[in-house]
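Below, each structure is written out as structure tokens.
One chain, chain A, appears in both complexes that follow, with chain B as partner in the first and chain C in the second.
Moving on to the complex of A and B:
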């Protein structure tokens, strides 16, 4: 309960400055004009998407088999990628937040590299690692007959690679700011380290865990570059929604707009669902 | 609070008008420059003294040859810079129709050229080469593909171009001619991506152009498709109506169609149209 309180007081501060700003409304025109241009710049493309949307044919466009297949594939893969990210990312976030060893900073930087790495580069790197001739991929193929490129698991791998850092960063931030007194108290009362993690740490970072998961899921849902590079593009197995949008643009632009609106809607739902929590957790680290 | 939102709204509206003003004025200026160059091009059409930059949008399969042609054209016309943009013909046609500032469009199929001419984006086009299909396999040829029919075997991983891309459409024609049902593992955005998947040994075979196999050298092995089932696509080239530098665009197009240009294309494996 201690964690949300300082955060909760944060929005109050700008409100006070707003009151002060009202008296000198003309002053910051130099700031307001570029700010207004910034707003327009970010919103006009989205408005254009809404204006040009084929509202009449929407039902027909979105109920086509190929669209539904792409949508189902996208939802399944993004969910699987989020589960994968939770399984690997939460322990990794704990290590980054709670342990100290030489090179920890470097490790943190490397682990979060996919956040800023162009996804196409990520896809190529995955191909060179897990492809049929890849560093590890050749053994997967040789020993188990497993090949990831051009398969649905390949899509999940690509999405996990790109989206997991979002979860790691969010959860690590929460672990750092969480009060450790409770954990120490539980430990002194004889709880094992696993029990402390399960009964104290996890519930304390719960909200951030949810926020990080949703963020991770949304990022995975929108993944394009790494997916098309590593997993290829085939309807039903690897063609997710963003790939379908890209394809449709060349054959049926109206369908591309309709598909884009679905992804826009998902993004808006995510944003509304996470309102203040996301921004705070995301900006903490 | 309300007043502030209002202020932001007003600013946003102002910004929209500002941006709109910018685009309309720039459109006006490019309009005048294009008409003036078109006029000068018309006057001096016999011996065009071309200059400036000419932007050429060309099919991915033309990457090697058009790079050579551009370099030779630049040498023949000092002061001219040729800017090349390669991609799937379908993607390039879309970009041109959306207003990309190109001078010349060289498409790998009549269909994508028609998309541009129908939209009023190009003058009538001329076919300058033809390209047939070939099967490409990695040098190690892991699944022992030796003939076109092997592509229909189960367990053979195949990369094709998407149906809307010329190489995908032409490959589909080959399969229809040969009465084969081929299931790909991936449908790539352009022919170079398809070839790359073969070069990287991530697929067992890909269907690409004869010229791609030739250009790839030892990185892939080519398996010829029998002439009676093979299909080819004709490449049209056109000067775009909104070409910012139409004089240079006409000169470049003429160069591609000239015996000199045709020699470069033939050396790469392209056939006469």
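Moving on to the complex of A and C:
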């Protein structure tokens, strides 16, 4: 609080300063009005979803076999994509954060490209790489009889391609800011580089690892463009929840809303979980 | 020159018979703006103190010994095994060196319990979980911290962390123990207790120990021998008592509280000081270490304790001291039971007197003053640098 100044009537001063404080927090109208419109713009669609939801038929809509199949497929594929991202993304993040070689900056940019690449383009690119006649796909087919496009593994590949950069970016940031001192201390105690990574580095970036995995999983769960391009839209094998929503819009809009609500619920759970536990813990050094 | 290459080889050869030869270092580390160039040996069971100001290269030296930094030149060997040799490119990485390092801020793994921290080295060396736990508990017992086993580092006090860090380093059964400012992170009250205890634990360690510090008291009471490191080179080397009595540089002189003046010996007990003025020492001819007759152009250092200088407000006439010179009071500082008077003059001096004497003499900044020092109180010795 500011020191009392001479002059002016005493009882009015606190009220005046309160009013000044409130005005300052509120900011000028020129900012407040667009900000308010922005909030409405983001929230009204969600409210519409809730208002128009077929609450009475919800149980029936969500217990349909096709819906349950899509839900199960979504959860399984997103989880598999997250596991794949962890297996490949964490070592890659380590390389990006801890090594130095010419072209590292370029590599980092390329690796995170799927973050901003339109997913449809990603799906097409996957098709050209792993398709039956693709760059690598023809060998997979010839040698192993392995076909990815329009199969469930194809869904996992598409989701991993799109979601892994989220994990890489989060983990790389954590590895960068992690205290190297502890790794040095571990080395002086006789720990090999692998032991240091396993017993010191990984536990210390744990919060970021969890945050990155959850982000990655959520992104994989919502993946649409790359999946439909690379894996198609076949109920039971490649039709995940977002694809089911898209399909249902044509045939049964009520079901589409119900499915969307499920995805919204998952998103909210992820957001709340991240905010309360991992995002903040992960951002602390 | 201290500890030249030949000396090291000799020491190593003599100790070879016992199998454990200790540490032999002849290290050069070059950075863009800094060069460390040191040579010394440490015998098994000996505690070598490395004393020096910040930026002198103390930590760089420890890192080189631990294998966290490679040498640019020279070599390091422990008990006859080469750890690093710049000439042959031989380099044993940190995780394969039998070297324990207690870091200044301890660096206890925050996500592991005290027991797991101490068990970390045995586990890393391939011991199974259960046996590593037993080893850890033994060390915790030995250091009297068994009751802390389940705590996390965040729940420890500074003194406790220090003991855990020591236990963790010792549990690796190192052949060489390095301590980087082991007490610097402690507050004054715990420092005293921990220092005595650390001294005891270090005495039980039978390999060579290097203790880096910038605390003179720590260096004096904890070590068997001292290296003084300044600007990447060794400026003095001796027992703590020798270093305290006859400091080789202004840095050490300030630490141990002596007035130190470099100068040139002129004969008849007189020394011409580099920064002006002359001092006379009675013992010049008798100092046993010096050759007879003394080298007339020899570079020497003159040390006078602040308590050996007397202050007078008028020129002393009927006094016996042979050193009399004028000055002005430049500052007064209250130590616990004395007042340290900074006197500007040729030469300048720090003088310790009682608070009562300050009042008697009516001293204030700018007061003109006369200084006297008995020739017998003036120590003179060859400048090692």
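FYI, the second predicted complex is superposed on the first by the 250 of 285 C-alpha atoms of A that agree within 3 Å, B and C clash if a C-alpha of one lies under 4 Å from a C-alpha of the other, contacts with A are read in each partner's own complex, and residues count from 1 in each chain.
The rule is short, and it goes like this: contacts are C-beta pairs under 8 Å (C-beta built on N, C-alpha and C of every residue); 3 or more make two chains touch, one makes a residue touch a chain.
Just so we're clear, the structure is a prediction, and the values are computed from it rather than from any experiment.
Student: So, on chain A, is it clash or fit between chain B and chain C?
Tutor: fit
Student: On the A-aligned overlay, A:32 touches which partner chain: chain B = first, chain C = second, or both, or neither?
Tutor: A:32: touches chain B, not chain C.
Student: With both complexes superposed on chain A, which partner does A:185 reach: first (chain B), second (chain C), both or neither?
Tutor: The answer is second: A:185 touches chain C but not chain B.
Student: Using the touch definition from the top, say if A:41 reaches chain B (first), chain C (second), both or neither.
Tutor: After superposition on chain A, A:41 lies in contact with chain B alone.
Student: First (chain B), second (chain C), both or neither: which does A:195 touch?
Tutor: second
Student: Once the two complexes are aligned on chain A, which partner has more residues of chain A within touching range, chain B or chain C?
Tutor: Partner touching more chain A residues in the overlay: B.
Student: After the superposition on A, what does A:132 contact: first (chain B), second (chain C), both or neither?
Tutor: After superposing on A, A:132 lies in contact with chain B but is clear of chain C.
Student: By the touch definition at the top of the document, which applies to A:212: first (chain B), second (chain C), both, or neither?
Tutor: A:212: touches no partner chain.
Student: Which partner does A:242 reach: the first (chain B), the second (chain C), both, or neither?
Tutor: neither
Student: Please provide the least distance in Å between a C-alpha atom of chain B and a C-alpha atom of chain C in the combined superposition.
Tutor: 34
Student: So in the complex, the part of chain B that touches chain A is made up of which residues?
Tutor: 1, 3-4, 7-16, 18-19, 88, 90-91, 94, 157, 159, 162, 164, 184-189, 197, 200-203
Student: Quick check: in the complex, which residue numbers of chain C touch chain A?
Tutor: 66-68, 93-97, 99-101, 103, 105, 107, 109-111, 120-121, 123-125, 168-169, 172
Student: Mind pulling up the chain A residues that touch chain C in the complex?
Tutor: For chain A paired with chain C, touching residues are 181-182, 184-193, 195, 199-200, 203-204, 206.
Student: Which residues of chain A touch chain B once you look at their complex with the stated criterion?
Tutor: It is residues 18, 21-22, 25, 32-33, 35-37, 39-41, 43-44, 127, 131-133, 149-150, 228, 232-235, 237-238, 246-247, 249-251, 253 of chain A that touch chain B.
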